[in-house]
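Two complexes, one shared chain (subunit A), two partners (subunit B, subunit C).
Right, the complex of A and B next:
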C-alpha cells in the first residue's frame, strides 16, 4: 500500500534510478527542511560564527571602527583576574544549583509524590512553585530588603536567635555577595525543578512500586531502586539545563549587585555586559561570549553522552 | 584557500561594521519644520517622581501638533547608561537622547552620532541666548555645540536642621568640623550621614569633590585625558583617605556597600539620618510635604574642604545635563522644534519647581516664588563656584571610570588600600591610552 502511494507521488517504480541522479535527489529532498534550516542558521549559527569573528577584533561602538587583533582578546581572557573570579562564581552557581535544584528537588518531589492525599500533593507542588512565578527583578528587590544590613529580616532573625555575631553585609561584602545571590536563585528555582521531577515520577508505572512493596522494600529503598533510575533521563536533562543556566546567569546578578562590590560577584554574563556596553570593548565582550559558549557546549555534550549511556527503560 | 576565505569574511565583517559609522550632520537653522511623523525621545526621567514631566510635555506638544507622535523611552540614572550604549551598538538611537557632559557626551561627537548644533544654539544665536551660557558651553567639543542643556546639577550635603539643633552642632566649615559634628550627631542618636554605595557612583561622587579640593585643577584636567594621564599626584591618595575618615566616623562604614542610595536618602527623609550627600536635583525628594523631614527643615552646605588642601577649596562637583539630537534622526528640524518647546521659560519654571526640582538651564526658567528655597540657594552656590568638576564616572574614559567605581567600593569595604585604588586607576588609564 505504501509502495503504491509512493509510486503515485513520484511516478517511478520503487528502486528505479532517479532521473536526476542520487545526490541531486537528496539535495532536492532537502527543500522541505530548507526553511527551518535557514531560520535556525540565521538566528542561531550565524550569531555564533559572527560572535567569534567579532572576538578577533577591537571595536568602538561609537565610531564603528574595527581593528583586527587576532587572538589578543583570548590572551586577555587568560590574564584577566575578573574572568577568573567570574568563572569561579559561575562554577559555584552551577555546583550549588545542582545540589539544590537537581538533587534537592528530586528528593522533595519524591516525598511529595509519595504522599497519599491528592489534595496535599497539589498543595505542596503549588507552594513550592509559587516563587518561580515571581519575576527576577521583584525577587531581587525582595531579597535586597531581606539582606539589608540595617533593616533586613535576615540579620534581625540571626540576632534574635543569638547568632548576631554571624551577621554580615551580605550583598556588600566581597566574600558573601555571590553566595547571597545564589541563595536567592535557589529559592526561586527550586520549585520549578521540583515540579519537573514530579511529572517524571508520575510517569513511572505504579506496578513497579507495588511489586517493590510486596518484596518488602520501604520508601527509601523504593526511591533508591526505582524512582532514581527511572528518572535518570530527567536528572541528566536537569543537570544540563542547570549547568548551562548557571553559566548564562545575568538577571539575578545585575539586579542584586551588578557584579559588585569590587567585581567580586561578577559572572561571565555580567562581565560581558560590562565590557561591551559600559567599557565600549565589544571585541573582548565577544571573546567572553565565546568562552561561555564553549563551556556550556562542553557541559551539554558531556552530559548527553553520559545520560544516553545509562538510560533505563521501563 | 581556507585562510583567504577567512580573510575575506573578516574583511566583510570589518566593512559592514565600519559602514555603520554615522556621517557628521550640521543643524540647519533655516530648515522648514514639518509637524508630522514620530519622534523618539530617550530621557533620564524614568523615576516615578520625574516621569510625568516629559509625559506631560509630549502630550502638550502632540495636542499642539496633531500630526506628531512623541514616543518616550524613560530611563533612570543607572539604566540610561546601558540602554544608551545598547542603542548605539545596534544603530537604533532615538531622535533625541539624554547625555552627560565630558567624555560621555564626547563619545557621541567622536562617533558622529550627535548633530552639530552650533548654527542653532551656538554663540550669537537666539536660542543659545535664552540658555545659561556656562551650561551651553559645557556641551562644546572642538569648538562646536552638540548639546541642549536642560538643567544644572551639583552635589551638596543636605542636612536636617532639627537633627543639628538636637545635637548642638553648627554647619561645619572644614573637614575636621564635619567629623566632629558626626561624633556629636551619633551621640544624639542619629546616623550622621546616610550613604548607600551599592550603586558605586555614590562613593565616587564623594571622592570627586575631595579630588577637586586636593588635586590642582590643571593636574585633574591633564589626568582626565588618557593620553596625558599619570595619576601620580599625592592628592589622589589624600582624597581617598579623607573619604575613608568620613566613611568611618560619619557613616555605617563597610555596610554602605550593601545599601542602595534610595534607601539612604529615605533615611534622611524619615529623620533617622542627619545628613545625606546629594545632587541638587534630589532636594525636592529628600524633603517634601509627604516626608517626615519638611522642606523648611532641610538645609544644605558644600562638602567641607580639608584645611590646607592643595586643590581648589571653592570648586564644586557638578555639571549641567542635557540632550543631543541623533545624526540618524530622519527629522532633525522637528526634533529641534520639540527641544525648543521643552526649553521654553514656561516649561523651565515647571521643571525647576516641586515636585521635579530640576533647576532649569533656561534663562528665566527659574521662579524663586514657586521653587524650593533650597534649590534656589543651590543655584546661587553653583554660580559662585570657581570651578565645576564633572562626575568622575562620566568625565573619564570608561575603563578609568570603571577602575574608580570598583576601587572605591573595594576601599569602602576594606578590600583595597588608597594606594592600591590609585594604582588600579593608573593602570586603567595606561590601558586606555
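Right, the complex of A and C next:
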C-alpha cells in the first residue's frame, strides 16, 4: 500500500514530462481542489472567522450602525441566565442522547443481530430507521400534535393506562418542555445509531462467538465479552458525534416550542436565533455562536484525538 | 452484495428459546412505537377536522382525499423549490467532491496535508456559527432569499463530508488500473473520467442518497435565508402553512405526510447503498 503510494507520487506518466515544467505543473494540479477550497473557504471558514469579529461589535441590521464594544457581548453571555438554561438543556440533550442513542441503540442492535432470520434483521433495522429519514420539521410538528391535550394521543394513552393524573400540557409546562422535545429526538434518532451499531456488530468475526459458545458462554456473556469490546471504537465515535449534535440542535426546538415557555426550553441555537433575528442583536448572537463554536471544536478535537489514537493502536 | 449475505450463517440460535419470546415482544413493541405515530399522521390526513378532535384514536370515518388534495395544493410550490434545490445541490456537491477527492488521492498538489486538513476540517464547523455573518454576505452578493443561496450553502457545507467519503473510497482502490492507464499515456483528466469515476460508482450513489436526505430535510438555512413562498423549501413551507391554517389540522397532517413520503420511498429504494454510505462515514 505505502509502496504503491510512493510510486504514484505524481499524477503524471514517467515518459510524459509536463511542457511547462515541474513547479508550474504542481500549481496546475491545484485545479483539482481549487473549487472545493474556494467554496468551503468562502462560505464555511470565512463566515466563521467573521463571526468572531461581529461578536465584538454591537450592530443593527436595519440602520447598519456598527459600534466596537470589545468583550462586552461575552461579559453579557457569562451573566445571561438564559444562556445558563440553554447550556443545561444542551447538556441534558447530550446526556439523554448518549443513554438512548448510544447505549440503548447498542443493546437493541445486539438483540437484532442475535436473531436468526436475515430477513427479520433487515426489517427491524429498516423500520427503526424510518423516522431518521424524515425531516425534523415533520417529526417535530407530529409530536407537537401528539403532546397536545385535546387532539394528541399521548394523554389518551396515559388515561387508558390509568396514568391520567400524570398528564399535563407537555410542551407548555416549563418543567417538561425540553424533556418532551428530547424524547421526540430519541424517538427519531435511535434507529440511525442502531443501524450503525448493527453494521459494526456484523463486522465481528463469527468465530469469536463460536469459540465463546464452545467455552460455555451464554448470550449475555458473549455480548459483554465480545460484542461490547469489539464495538468500542464505534461507541467512542458515536458518543462524540452525539455530543456534537446535541450542542447544534435547533430544528426540533424551533418547531415545537421556539424556546418557550419562558425560555425554559431554549438551547444555544435557538437563543442565537432569537437574539440575532428577532431582537436584531447580531453582536450578541455572534457571541453565542462563538460559544457553540468552542463546544463543537472541543468535540472535534476529541474526535481527531480518538481517531488518531485508534490508528496508532491498530 | 449486501452485508448480511456475507455473514457466516448462524448455525445455532444465539438467543435461548426462553428469552426469544420476550425479545420478540420487545422488538415488536419498539416497532409499534416507531410506526404508530407515523400511521396516526397519515390517517389524520383522511379524517375531518372535527373527528381529529373528537376521536383521535379512531380510523377515519370516511376515506376522503379532500385533505390530501388541499395539502398538495398548499405544498406544491414548496415541493418544487425543494426539488430544485435538492437536485442541483446534489449534482454540484457530488461532482465537486469527486473531483476534489481525485486531486487529494491521485495528484501531486503542493502542500497536500494542509489541503486535506482544510477541506475535511470543514466537517467540524457548524452551520449555526456561520449564521450571523452569512446574512450580510448573502445580502452583499444579492442572493438573499433565492434558490442560489441555498444551493451554494448546501454545497459548501456538504463538500467536506462528501469529499471525506469519496476520498476514503479512492484511497482503497488498487493503483494498478490507473498506473496502467498512465503508462498508456492517459492524462489525469482521462484517468479520472474513464478509470476512477466508474470504479467509484457505489460510493457516489451513497453520497447522492445522503445528500438528497440532507437537502430535502434541511431547515436552519432555509428558514433564515429565504422568506418568499416561491423560494422556501418544504420544511419551511410546512411551518408557515401551520401558522397560516393552524386550525385545519387535517390538512396539516396531510401535508406532513406528503412531504415525508418521497424521502421514505427513496430510503427504501436505496437502503443498500445508503447503509454502505453511513458505514463508511462513521464506521471506518
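Going forward, the second predicted complex is superposed on the first by the 254 of 314 C-alpha atoms of A that agree within 3 Å, B and C clash if a C-alpha of one lies under 4 Å from a C-alpha of the other, contacts with A are read in each partner's own complex, and residues count from 1 in each chain.
Simple rule for what comes next: a contact is a pair of C-beta atoms (placed from the backbone, for glycine too) under 8 Å apart; a residue touches a chain by one contact, two chains touch by 3 or more.
Not measured: the values here are computed from a predicted model.
Once chain A of one complex is fitted onto chain A of the other, the partner contacts of A:57 are limited to subunit B, with no touch recorded for subunit C. Contacts of A:163 after superposition: neither subunit B nor subunit C is touched. Put subunit B and subunit C next to each other and count what each touches on subunit A; the higher total goes to C. Contacts of A:173 after superposition: subunit B is touched, whereas subunit C is not reached. When both complexes are overlaid on chain A, the residue A:24 reaches neither subunit B nor subunit C.
Once chain A of one complex is fitted onto chain A of the other, the partner contacts of A:36 are limited to subunit C, with no touch recorded for subunit B.
In the superposed model, A:279 makes contact with subunit B only, not with subunit C. In the superposed model, A:150 lies in contact with both subunit B and subunit C. Subunit A uses residues 50, 54, 61, 150, 273, 276-277, 282 to touch subunit B in one structure and subunit C in the other. Within the complex formed with subunit B, the subunit A residues making contact are 50, 53-54, 56-57, 59-66, 68, 144, 147-150, 169-174, 257-258, 260-264, 273-274, 276-282.
Interface residues of subunit C, counted against subunit A in their complex, comprise 3-5, 7-8, 10, 12-16, 19, 23, 26-27, 30-31, 33-35, 37-38, 40-41, 44, 52-53, 56-57, 96-97, 99-100, 102-104, 106-110, 115, 118-119, 122, 124-135, 137, 152-153, 155-157, 159-160, 163, 175, 178-179, 182-183, 185-186, 188, 191, 213, 216-220, 223-224, 234-236, 238-239, 242, 249, 252-253, 256, 259-260, 263-264, 266-268, 271, 275, 278-279, 282-283.
Residues 4-5, 7-13, 15-16, 26-27, 29-33, 35-37, 39-48, 50-51, 54, 61, 108, 111-112, 114-116, 118, 121-122, 124, 126-131, 133-138, 141-143, 145-146, 150-153, 156, 187, 191-192, 195-196, 199-200, 202-203, 206, 209, 213, 218-219, 222, 234, 237-238, 241, 244, 248, 250-251, 254-255, 268-269, 272-273, 276-277, 282, 285-286, 289-290, 292-293, 296-297, 300, 303 of subunit A are the ones touching subunit C in the complex.
Of all residues in subunit B, those touching subunit A in their complex are 9-10, 13-14, 17-22, 81-82, 85-86, 88-89, 107-108, 110-113, 197-200, 252, 254-260, 263, 398-399, 402, 406-407, 409-410, 412-413, 415-416.
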